[in-house]
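In what comes next, chain A is part of two complexes: it sits with chain B in the first one and with chain C in the second one.
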Partner chain A sequence: MSAVLTNPPPVPAQESPGLWTLAWRRLKQDPVGMVSLAIVAFFLLMMAAAATGLIAKDWSKEKGVSYANPSFLAGAENLEAKAMAARETSKAPPVDLSDIDPLAPRYKEWEERAAKIAVTEVKRAESLPFGGDKWGRDVLQKVVKGSEVSIFVGLAGALIATFIGTLLGAMAGYWGGRVNDLLEWFYNIFTSIPYILLILSFAAVAQATGSFGKGIFSIILILSLTGWTGIYRLIRAEYLKHASREYVKAAQAIGASNMQRMFVHILPNVSHVSLVQLSQHTVQFIKAEVILSFLGFGVPVDQVSWGTMLAEAQNELVIGKWWQLAAAGASMAILVTAFSLLTDSLRDALDPKLK
Partner chain B sequence: MDEQNLILRIQDLDVRFRIDRKSEPFQAVKGISFDIPTNTTVALVGESGSGKSVSAMAILGLLPENAIIAPASRILYGARDLTKAALPEMQAIRGKEISVIFQEPMTSLNPVFTVGEQIGEVLRLHMGMGMRQAQARVVELMNEVGIPNPQLRVNSYPHEMSGGQQQRVMIAMAIACEPKLLIADEPTTALDVTIQKQILDLIAGLQERHRMSMLFITHDLGVVGDIADSVVVMQNGVIQEQGPVKAIFESPQHPYTKALLACRPRLDRRPKRLPVIDDFIKGDGRPNLAERTRGTTPEDPIILEVKALNKTFFLKEGLFGKRAIPAVKDVSFRLPKGKTLGLVGESGSGKTTVGLTLMRLHDATSGEVLFEGRDLLALSEREMMAYRRRIQIIFQNPYASLNPRMTVGHILVEPMKIHAIGKDERERVDMAFRLLERVGLAPQSFYKYPHEFSGGQRQRIAIARCLTMKPDVLICDESVSALDVSVQAQVLNLLQDLQDEFGLSYIFISHDLAVVKYISDRVMVMNDGVIVEMADSDEIYRHPREEYTRKLLSSIPKGWQAAAQAT
Partner chain C sequence: MTAYVMRRLWQMIPTIFGVILLIFILFNWVGGDPAQVLAGKISNKEQIENIRRQLGVDQSYWVQLWVFVKQVFTFDFGRSWSTNEEVSRILITRVGPTLTIMIPVVFLETSLAVAFAIMVAYVRGTLTDRTIMIVCTVAMSISFLVYIIVFQWLFGFILGWFPVQGWSESFWKNLTNYAPLPIMLAVFVGLAPQLRLYRSFFLDEINQDYVRTARAKGVSEKKVMMKHVLRNAMIPILTNIGISLPGIFVGSFLLEVFFSIPGLGREIITAVNRSDFPVIKAVTGYLAVITMIVNLLVDVMYKFVDPRVSFK
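Take a look at the complex of A and B:
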């Protein structure tokens, strides 16, 4: 298709903005849209950097004291850290067993050897930029690293769900008849089960059988296999509407095949719906991942996500350590809000009502 | 005319639209002035984009938010200036003293209320009537606008009525409060000729009986002759000419008015090319009036023959029931090569279904479509591909028949790719450029999207798309009905030129008899799915045999009778 424009004989006298170009121009005029776009881009960059190890590489290092204070609360009393330190310092000197230990003569040799190895006792920081968790890990780095899993799960899940929903919706809406009946029946079964229950049952099956693979990939699959329904309905409705439009009839008249009509002619006209749905579902799945991790069905323990952070935070809150909750909650709230606003702006910019 | 007799005076009306923050506001109406005297009908005539509807909406204060009315503009209604009236004041005037009828009755009526409730609402709002009183008046009004069985129809929903009846309901709403001024914005453009005639008679009668003034907006000078007292001709936001209807029709001064009068095809003559506006504005104002002869002979080679074509639609009824709705009943005709077969009928007569069925865009219920002796309906999908390109169709609505997400270049090259026309991309692109030039579009159009073109230009693109496949038969399904008369003339000329050049055969489907008469060699009149009458076009217009044909012919707007005899 694009081959048409590879060797344009005369130079176009003036640029002729396509619909996406026009949409981009409208989006540029929308300050809210642009700010949210910048925020989303920032989060995506952060995610990419964390994934490639550029930042937050050593998020799992225990750098601070237990529940290290945030640096803006550096002076506050940290009872937990004191208690921990007290336990360490108050350790009783080892009982002298040299009388009965057959290896006692080697004690000296060992001590000499041990002295050769330079042991530098790292002093644990009293405060970290945004505080520390129970093991003294830096909350800020955890949030950055956690974005990797959360956003990746959200985006990948939404991409797969949108793909499934668009494909099935296109088939049901375009063909109608039996195909539509079958898919509607399938859809009704999916939507008749409460959403959370459906996710949890999928998650339970996935954990028990391991059939969805391990770790975050199983979450992505679970979310996309349960989340395509809304997209399917919308795309189906759009296809129903477009299939009887004159331009599709015109395409049939010039001999375009069904596949061409479905995906070359109609799809670009409904793609704005898919796009907005993609963005809405990304938000929804980021939240769903948090819920799953919170319930313990989510990411494995050796990884961090905003969901696991929130799950940890429920115990910490009791003892008044709020920063882990605040950090994970705030970054999620900012991303989700920005993403939602971006979705709204996108919908406005992609308004299919043509001039 | 003195001040006392004026209902409305428009002075230096200047309306601009802000498009975006950067560019200058677009000036849609450029300081126009005209008067509407009491108890008269003023027609505001112009093509789309001339600013006629904008002027009318300015009177009602119904312009969109991005409109700016220049401070010097005055719309004097009695002692008040409506451009400066406050919102509550305008609301009291709208619907009561000045009311309006819109073009599309289907979209102007609220589908969830019965028509009785909708007419009654106006009465309760403005006349302070109670439920019962309003109900009685509604029946009275519906009777007056000619809706049969008003007692029953009061409880109908808009979708239960035909387009003509819906427009009657709109008119009933508009005259419910005995307005002093009625604004009719293209009230008959969406309707069939026969209905158009009835509605025009109704409006004219009501105007006289209620002694109100009317501002009648239309793009078609033809319909104005019967009902208007004076005419205002607008072009590009300025008034080109205004005067009493007699003067406008008998001795038009401005070339634009002359062009508008001349570009509508007429029943009594058939020039080789229809005059277009450029002939009058740029040329010497004497278009080529040589006549073209039309007609068929039995010896003409036949390219397409349809035998006993039937198409029945099935509506689901209840859980298992089906109801058969025959749309086309035993239609048989022959299309001679290089000639045009006109297909006339009102909406619902099955004429479009005939076109779609013989291209196999609908499956026929029974019958044969013989194309060069082969029955197209019996071919498999694969065998049909070879014939598909040879019969092409141009649809009615140029805004819907082009894919908005494809560039014109893409639209033109795609069919050539599907049918492997041209040996490579390069050749196809070259061909697309040649065709663009042939249909009168600039080469840059290749890179543009359909929304950047006007209706007439889009129809040219649709024609070019068909031509890429070098078809033998072209079905024009109401292809010029959605266009302004002036643009319609250009497209008709183009179609005629293409027929002369490539020897195309046309099936020309339209509800407009004047257009069909102009372009067709043979005319077929359809009603309720059957062919009522078929004859050579001159024959059918001079000596219609059937009652139905005569009824259709008598509904054509006569324009100004004197004008038809002059020139």
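Take a look at the complex of A and C:
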């Protein structure tokens, strides 16, 4: 009866990897995901460098001749630049007006003054790496600088939209009842207006009054105030599911407040949904920004974005200057492709059950 | 069924009221004083007062809201602020060109996307499937603007197959002469995302039990796809078409801007540029109502597509 119970030797506690570690491991196994992550990271670095002025600082300098050829087409004929050069050199000699000009006695004084100002003649480049635009600005630098506005708008808009959507979704899903009814009412209102029309309505008000701030901030606000609905719906469904789970009840039992349960306990378990949505909305908003800037809502004249570049390129194509269109269109296509593929990989990595 | 429709219509009332409230808050409250915008730079106090009285914005917000509600239900939105044309007339005359473009687009796009999707789903997992999916992803990433600019340049300017832009009075001339290029563009651009989506719908159905049963009793693979899978996949496909239907009224706004088509979409862009609030308010309000009704119709249509659905 007095058998000694021998405890088995304690198993060394195995560190169980968390959701994010596991997801990162799965993502690392996915070559497509890693390549697109690298491309997206490259664009983000480029944006940050352009924003801090490290690169593409003098994108607005007119360095080349009008419509300078891209380097690999350096020898091609450039009729526009020739015509412009011809206009500049063929200026008629000034007509001598000194007989009738009452200011004639001061001519000499002016000449002396003019001579004092040092004028350095800048030789305009015949060709630029990606070619030049109408004013001879470097298209490569414009694309880099344009990425700053386009990506920043997409990212900031998506961040705010995800924040709004997650917050409202959490409230509706967790509280239910009246709060849910109210927020569902909001959701129905916003989704019963076609999305494009909703954006354009906000843009009309922003355009007329400036009540959404100036320039790109108005675009960010418009996109995020209209784009939260999809995220709200998904997060709400997740919270509905989680609110009655045991771990949340356990949290309640140990005295966690509602706020703690919502944001400390449940949020980490649904945050992967938010992350995938963030990524997806960034892509969507970058595309929307390009169209809005093209239509002239938002990006001011002294800034460049991929949308304003495409607007310029529309007229250039007819005279055979295709490089601005190609540069802006291709860089956007590369970024958006990489971002979409990354979104898919993220979804697979974070939610392996889906597959 | 009647009871279901009645209840759904009843439930629409708070949403319609909410839409009215949202538009009102946006344009009358956030939008601020339209007189300042309209009077422009050469304004004095008297002029602004006059304009305010004409537009009725000197009244309290409650009165303005009541006026707006009346406008929505009497279909009378007054006159455009910039052209003084009646808003209802603008809407009626602009809807025609938009639908001339968009109705063929919806038909072509849907039938092509369904046909291609079922083919791709049939060869799922093969190299063809994967190649088409990659092409679709890349095609979706290129901006619509780039497609329009290149197509207009290539087919209108270089090849000269279609007029670069324009519109006429005659419906047939529009349909045969001016519309084909915009229609082709919209179908081309809309195909990739729809193909991807519908393929996933088909793949969801292919793994169902009833498909295995059908195969087990010896139904040919072709018949399984065309009869069993296609019919069941039509349910999510119809939902998707239903959701996108209200958008056809403004969906082609970029095409209309590029091809100078005097449709609703271009009218809205012009209205946004000119701060012509009555036009935008009217279009937004009505499209919201149309969207709700279309959603209801789609739900009712389920009953006919899928007998398992019951109205509760």
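Keep this in mind: the second predicted complex is superposed on the first by the 331 of 355 C-alpha atoms of A that agree within 3 Å, B and C clash if a C-alpha of one lies under 4 Å from a C-alpha of the other, contacts with A are read in each partner's own complex, and residues count from 1 in each chain.
What we mean here is this: a residue touches a chain if its C-beta (ideal position, glycine included) is under 8 Å from a C-beta of that chain, and two chains touch if they have at least 3 such contacts.
Everything numeric in this text was worked out from a predicted model, so none of it was measured.
Contact with neither chain B nor chain C is seen for A:Ser60 once the two complexes are overlaid on the shared chain. Of the two partner chains placed by the overlay, only chain B lies in contact with A:Gln29; chain C stays clear of it.
Of the two partner chains, chain B is the only one touched by A:Glu246; chain C is not. After overlaying the two complexes on the shared chain, residue contacts for A:Asn180 are found with neither chain B nor chain C.
In the overlay built on the shared chain, the residue A:Gln303 is in contact with neither chain B nor chain C. Of the two partner chains placed by the overlay, only chain B lies in contact with A:Pro268; chain C stays clear of it.
Touch criterion met: A:Ile254 reaches chain B, while chain C stays clear of it. Counting the residues of chain A that each partner touches, chain B and chain C differ, and the larger count belongs to C.
In the three-chain superposition model, chain A touches chain B and chain C at no common residue. For chain A in complex with chain B, the residues that touch the partner chain are 1, 3-10, 12-14, 16-19, 29, 245-247, 249-256, 260, 264-265, 268-269, 352, 354-355.
Those residues of chain A lying in contact with chain C across their complex are 185-186, 188-190, 192-198, 200-205, 207-209, 211, 287, 290-291, 294-297, 306-307, 310, 313-314, 317-318, 325, 329, 332-334, 336-337, 340-341. Contact residues of chain C toward chain A in the complex are 14-15, 18-19, 21-23, 26-27, 30-32, 34, 37, 137-138, 140-146, 149-150, 153, 157, 246-247, 249-251, 253-254, 257, 268-269, 271-273, 275, 277, 280, 283-284, 287-288, 291-292, 295. On chain B, the positions that touch chain A within their shared complex are 20-21, 356, 359, 361, 385, 388-389, 392-393, 395-397, 400-407, 409-410, 413-415, 418-419, 425-426, 428-430, 433, 442-444, 446-452, 462, 465, 469.
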